[in-house]
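Structures incoming, each one as structure tokens.
Here chain A shows up in two complexes: once beside chain B, once beside chain C.
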Partner chain A sequence: MKSPKVVTSAAAAAVALSLGLSACGGSDDSGDGGGSAKFDAGSTAVVNASDKKGGVLKYAQPDDFDSLDPANMYYAYALNFSRVYSRGLMTYASKPGTAGAEIVPDLAEAKGVVGEGGKTVTYTLKQGVKYEDGSQIKAADVKYAVARTFDRGVLRNGPSYFTQLLDADGYKGPFKDKNLDNFKGVDTPDERTVVFKLKKPFSEFDQVVGFAGQTNPLPQAKDKGERYGLHPFSSGPYKFEGDYQPKKGGVLVRNEHWDQATDPNRKQLPDRIEIQSALKAEEIDNRLISGSVHVDLPGSGVQAAARQQILTQPKLKDSADNPLAGFHWYLPINTEVIPNVECRKAIVWATDRSALFRAYGGEVGGEPATSIQPPTVAGREKGTDFYTKADANYTGDPAKAKEALAACGQPNGFSTKMVFRSDRPKEKLAAEAMKQALERVGIKIELAGYPSGTYTNEQFGSPAWTKKEKVGLGTYGWAPDWSTGYGYLQPITDQDAIVDTGNSNTSVLKDAEVNKKWDEVVSIQDPAARAKIYNEIDQRVREQAAIIPNVYAKSLLFRPSTLANVYLHAGFGMYNYATLGVTG
Partner chain B sequence: MTAPIEVTGSEAEAQPDAVLKGVDRKAIQGRSLGQIAWMRLKRDKIAISSAVFLVVLIIVSLPGVTGLITGLVGGSPNKFNMPLVDATLGGPIGKLGGMSLDHPFGVEPINGRDLFSRILYGARVSLLIGVLATLVSVVIGTVLGIVAGFFGGWVDTLIARTMDVFLAFPLVLFAISLVGVIPSGFAGLEGNGLRIAILVFIIGFFNWPYIGRIVRGQTMSLREREFVDASRSMGAKPGYILFREILPNLYAPILVYATLLIPTNILFEAALSFLGVGINPPDPSWGGMLSQATELYSVAPHFVIVPGLAIFVTVLAFNLFGDGLRDALDPRTR
Partner chain C sequence: MGAVGLLLIISAVTFGIFFLVPKAAGVTSDDLAARFAGKTPDAATLEAIKDRFALDEPVPVQYGKYIKSIVAGDTYDTGVETIDCPAPCLGYSFRTNQPVFDEIVDRAPVTFMIAIGAAVLWLLAGITIGVVSALRRGSVIDRVSMGIALAGVSLPVFFTGLLSLAFVVHRWQLLPEVNYRGFSDNPFSLLLPWICLAFLYAALYARLTRAGMLETMNEDYIRTARAKGLPERTVVVKHGLRATLTPIMTVFGLDFGLLLGGAIITERTFSLPGIGQLALDGIYQSDLPVVLGATMVVALFVVLANLIVDILYGVVDPRVRHS
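And now, the complex of A and B:
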């Protein structure tokens, strides 16, 4: 399970928001002009709340979606945007604050009902849910949607959880095998019931269903395979007007067959939604600031020039948010290359957290980390520091590092290698900061940069390579597929997650205690009990000095004053696209 | 047609009036071609000042000298000076990127390293790679070019087509993939020694056809000359003709082309560093500094300007010197 692409995130406090109360009742002009919001207000609460209908909502992006087919996308912003035209069984709650990280029913009436000792999960479809042509959404369409994710040759980009979890081995997907009865992973006893059959119990199945669009129903007759992504069949509040043009853009208009009464997580406010693709990132920033574009689609923050402009002009700064983006830029210590825990402790003690903090952009760029799980993860506890301090001014403790070195039997230090992504200036700065800091205590670091295209697969993501090259340290960052401790920690700490290439457990951690906890946790049904175990794992990994906590990434987002209902969504780590409106 | 320089008829015919004007009547006596070229070069003020700049640059980037200078001003190129940069925006504190007597070129944003020292240490990398890669190109290009031009026939066809293949090679992509594939220790080299060797290999090995083509063309015209015929009729073997008769006549164009190739290679190294496949940090390189600066130009414009100027001035100096050298060696191309 790996997906460094996907960003999920949350904000600190939760402010309640009533959604879905104003159904299609015409134009009730709430007349909130906005503009009174302060810096970072959108990170925790709704800014410029309004139910005013009409207007054109304009999105722009520097590149393009990986696909618009909800089952064939993995970028967090694409998943976020897919909610505008497509619905699944479960989805993220449309709420500001950490409440947004919760997975709630969408087309399903309720959360999945677990049966047969955890080996089946059953959902029942809501009544009266329709496609854009007015036809009924049926259980068989959900089954078909899940079946098509089994063909990785056609749907290359999406997650592959269903192929791992469902009991349907040998099934090749509906493009090669047209008879859907041959797909045994999902059962549809009647038109509204969907039963998933699992190989073994998996306690976070609702999250797997809800974080991506792979259960979004699709009638078999409407599927065009790879070309489906150019004009998805809508079940959400908007539908495509003509085909989407890759690298150019597309237009969505209201879908009159969507019913607000069945959908508390979306709104249907603007008349039209326009997407412009392949625009220069700096140009998008300029248009955002001038108000001619409402949303920078990727949601990863403005470029350096706009950042400078926004931070130094108070008026612009009030229209910006600085939320946690879901990533934790931590530094794994390779436990295979540096097997002695005391030697690893010495590295942690000597680390200059202040220099690292600045390398990642200071207080606007991040927040000093304590736990490995960022605060956006549901049930995460801050925990306590091990061999370091989560403090923007902490420069390390060379004396303690020397003690650890002596305990490790290397009082004069040792030599190792550190790798980083050479096309990422922040990681280069961080690597240089590590070299400076560790050389204070005699630990010599040789730095080596590699292009990010191969870094996570062939270099730092290959345990055989790191062992052969004796790479003890590297720069890394991780954001989970879904915001729980399992989604965050399992791929990066479980021995079972270690793979030959594209490895995410970059500490190459093979800790018996951690492994045992991972084996146990998948059959626990109580989320709070699971969160407790996740926090224990988090602590154990830091106690073993396998990961140096660094900074939780923060992004700088700009919201034009004409954009309504803006707030940071914890699940996606950017503004929630399903509820936006325009007032200007 | 640039070589050989033949002095036929009166000496005045081969020399510009400017040369003759300042010369005492009595002093007219036989001068070698080298002396004539040197006289012309001395009068080219732009070429001479470029040469002076380059010599100074080479001297300051010698291992002992760089340390001596940065010991006086600037300090270690890798030392962080955190108090000199703003914690939030990352830009240097003070005017012009924190320029002062201690830090004449200002300091780097984020970590406050001294730019003057980093530029000096970066010069060594740029010059080393630029010169060594040129040497590789010149040696391969001359040998293969002269062989192709002299023997002709299938030898020529083979070498000329090989040149075409090399010229069509996607060099940058190759460089990026090679850096990712080669292990960190290779052929007894490791770390930045290895990276420099790889860069020299890539840049030098794939640029030889340019010089190879020039040498080949020159050789083709030279081999038809009378002095070659004469040598051949006296029973000289091909090896002797190649290296004793033809090669000396090629020194001038090779030398000129080499001085013009060095700046191209410096730029290429900067481009590769910019793409992240140059030498490893914390050792500075000009291209690497520029690459880092692109993200920070708004908070620290000097961080783009200083290494940019360093590359610009050095490349310009090499180009102007190369031009001057060509004019001096072969005034007819003026």
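And now, the complex of A and C:
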């Protein structure tokens, strides 16, 4: 028997087809269409700029947040949305274009001041910043917020940078150890000063602080442990009205104690914000087009049916943006399973980039990749191609591939296994394209699909499993925690990043040159000098044929005409939720 | 006692599916822990989760604790406070951080309203069409209605639902968006799910009724009733339909009980937050307590619905009452 997911997908395809036929028939669209902006205008500039107050801003999502506790979330869209009700020491700048990727002060007066040879970073809180009950935000609340991230059994969804970077070994978190004085990773000499104590210098500490919500202050008395996410205590422009109901939704209203004068990165325009969760993705698209929903929360783009509808109707197309989403869908080659670099080169040479490009949706789905770092990463250089061409028409070079195979000692090719996420049609198509392309040179690929839910942890994310199953390559994608080379490349190329389960270094790369650069770069304070090293690492990994660049993902986002202040945020890869308003 | 035994067996099987089958397939407790962790979890995170969820405890011990919590209740530590989960405690979801029983109670109004509304429609439509078809056997009405019935059985809710949403709601805007979230909302926003679900079931019930009526209306006692000069309406409704209702009630008990436990496809198609959707989310997220809880509720409703049907047999059929 087919699973409900499969059968509903089949039915959705049927509906998509019928809608598509209707669209082709030229029937008038009953939706609200779009505003005056043109296609893709929101990718680089603010669309429908307005400071009009009032109205209800409606968000919808097909699933749910990992949590609404700012310290316990990792999804980019959740981090983006958390800025609506919560503030941290640092945050992304609310600006269109690449300026949005910059981490700027939020509750802090200025960027972190590095001291003691890079082993302390100090922030000073702004004057007059308050919680939703009017009480003052204090440095001790920031310390507590950081301390609670040390209990990974309770706050298990969020990043673990603080536990790795701060000099607080052995600390179990405030749930097990109620005495906050025992947490030595953060000092608060007065009510406005927060001093982070690092084990060793880390030059991108501002980014660690700013990309997620783990420094968002929380008074110890307001903490509800893992249930805190059901009703976070607001420090941002909106506060929760009642508890959030998982898989159903919630409502936020204005926080009258938030002060615009202290916060240039947010606006407080709508009267209410409503979130509806567990609404089918196709239904969200329909409601976006009709205007009854303003924002698709995950920000990953519309589904196939709506995509066709939007792209074939000029009026709708003008209300859509097609930005780079920050992801790079690449193909890691497992260096443990295929240790000979010449064999790996043969795979890269034989790869049909044109077929892969089409598999990921062609021009609307992405653009051919050269570097591993996508263009959204600060300081990234395009670089040069190694053993391939970033060209939508390039079908590979079988002759060069055979030369590499001969150099590898396998002139007749070899066999390996390729894995992909079985519930992602694009990845399945990509895997099939790889199989066809590599068979041209005698490399036999056995394909195996696994569910997304386990793929990144138990299959492709488990080095022991890939070694045992002799998995030579797979489909994968990565978006950075923050938009620098470190945020992007370190987890996927540093040997130190390899973990037994949920491993992101899926090439299982253990390259001494790369590792040395990672060790050195963290103490370099100049961002440009760091970016240079990141680009060298990027090049080295491709030179080692450990990763086949594929496509930088693009998503098709729809903005109803009643949505104000819409623009793509480079830090999140979707619209900036902190400044949105409604005009209708 | 039979029902209790059945529930125990169902819970044990579900438990086994979640724990023993993955273990047999090589899934480790680290893998299970990673399903509850964020991106790239380090070893310390996995250890903390395993410790917190007791993933390394033997499965029989975990099962024993689960059964005990149903009978005696339990408490859950959120890190800062302790949450009471009184009996019948169906466990605690570490995904939503809520007791499963509370979640089911919260979702029940949606599922109940879907089931009740659809059942009324399908019983009215199905039985009426079945009776008319049987009485007009071979006529145009019979052929058309049975043709529609065949279409109804053949077109599942995920198809009719998506089509009707796309056209009736979004393109033609004949009905409002389906937005029912609980008793405080207008139940008539469920009209479309009711119609789609009833279309499926009415077809089945029409065919059942027609077959039963065709058989019953040829019985000797029907002929006797007509010979006594009873009005045709009395003959059909009181003597014919009443006898036909017994098998229909049996099927209805099962169908309605299952729906009360969650109209999974309908809820999914129309994005309605009912018990079925809760169970489905639980499956997708490996949220065992939710899946177990929903399974137990489905089983309970099926058992209860059949019990009620057994009682109603006596009302409908005097032979059962007298025996």
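Following the convention adopted for this analysis, the second predicted complex is superposed on the first by the 550 of 584 C-alpha atoms of A that agree within 3 Å, B and C clash if a C-alpha of one lies under 4 Å from a C-alpha of the other, contacts with A are read in each partner's own complex, and residues count from 1 in each chain.
One rule holds in what follows: a residue touches a chain if its C-beta (ideal position, glycine included) is under 8 Å from a C-beta of that chain, and two chains touch if they have at least 3 such contacts.
A quick note: this is a predicted structure, and the numbers were derived from the prediction, not measured.
Trainee: Is A:Ala359 touching anything from chain B or chain C once the two structures are fitted on A? First, second, both or neither.
Mentor: first
Trainee: In the overlaid three-chain picture, which partner chain does A:Asn515 touch, first (chain B) or second (chain C), both, or neither?
Mentor: In the superposed model, A:Asn515 contacts neither chain B nor chain C.
Trainee: If we overlay the two complexes on their shared chain A, which of chain B and chain C does A:Asn340 touch? Say first, second, both or neither.
Mentor: neither
Trainee: Using the touch definition from the top, say if A:Gln539 reaches chain B (first), chain C (second), both or neither.
Mentor: In the superposed model, A:Gln539 contacts neither chain B nor chain C.
Trainee: Is A:Thr193 in contact with chain B, with chain C, with both, or with neither (first, second, both, neither)?
Mentor: After superposition on chain A, A:Thr193 lies in contact with neither partner.
Trainee: Regarding the shared-chain residue A:Glu458, is it in contact with chain B (first), chain C (second), both, or neither?
Mentor: The answer is both, since A:Glu458 touches chain B and chain C.
Trainee: If you tally the residues of chain A touched by each partner, is the higher count for chain B or for chain C?
Mentor: Touching more of chain A: C.
Trainee: Who does A:Ser290 touch here: chain B (first), chain C (second), both, or neither?
Mentor: Only chain C is touched by A:Ser290; chain B is not.
Trainee: Tell me which partner A:Ser422 touches in the superposition: chain B (first), chain C (second), both or neither.
Mentor: Only chain B is touched by A:Ser422; chain C is not.
Trainee: Looking at chain A, which of its residues have contacts with both chain B and chain C?
Mentor: Common to the two interfaces on chain A: residues 454, 458.
Trainee: Contact residues on chain A for chain C in the complex?
Mentor: Those in contact with chain C are residues 4, 7-8, 11-12, 14-15, 18-19, 22, 30, 66, 73-74, 148, 151-154, 156-160, 163-164, 175, 223-230, 245-249, 276, 278-280, 282-283, 286-287, 289-290, 292, 453-454, 457-458, 461-462, 491, 497, 499-504.
Trainee: Spell out the residues on chain C that touch chain A in their complex, using ranges where they run on.
Mentor: Where chain C meets chain A, its residues are 27-28, 30-31, 33-46, 48-49, 51-52, 77-81, 83, 94-98, 106, 156, 158-159, 161-163, 165-166, 169-173, 177, 179, 181, 264-265, 268-269, 271, 273, 277-278, 280-281, 284-286.
Trainee: Can you check the complex and tell me which residues of chain B touch chain A?
Mentor: Contacts found on chain B: 78-80, 82, 85, 87-90, 110-111, 176, 179-180, 183-184, 191, 275-277, 280-282, 291-292, 295-299.
Trainee: For the complex, give me every residue of chain A touching chain B.
Mentor: Touch residues, chain A against chain B: 304-305, 307-309, 311-312, 354-355, 358-359, 361-364, 392, 417, 421-423, 425, 428-429, 431-433, 435-436, 446-451, 454, 458-459, 468-469.
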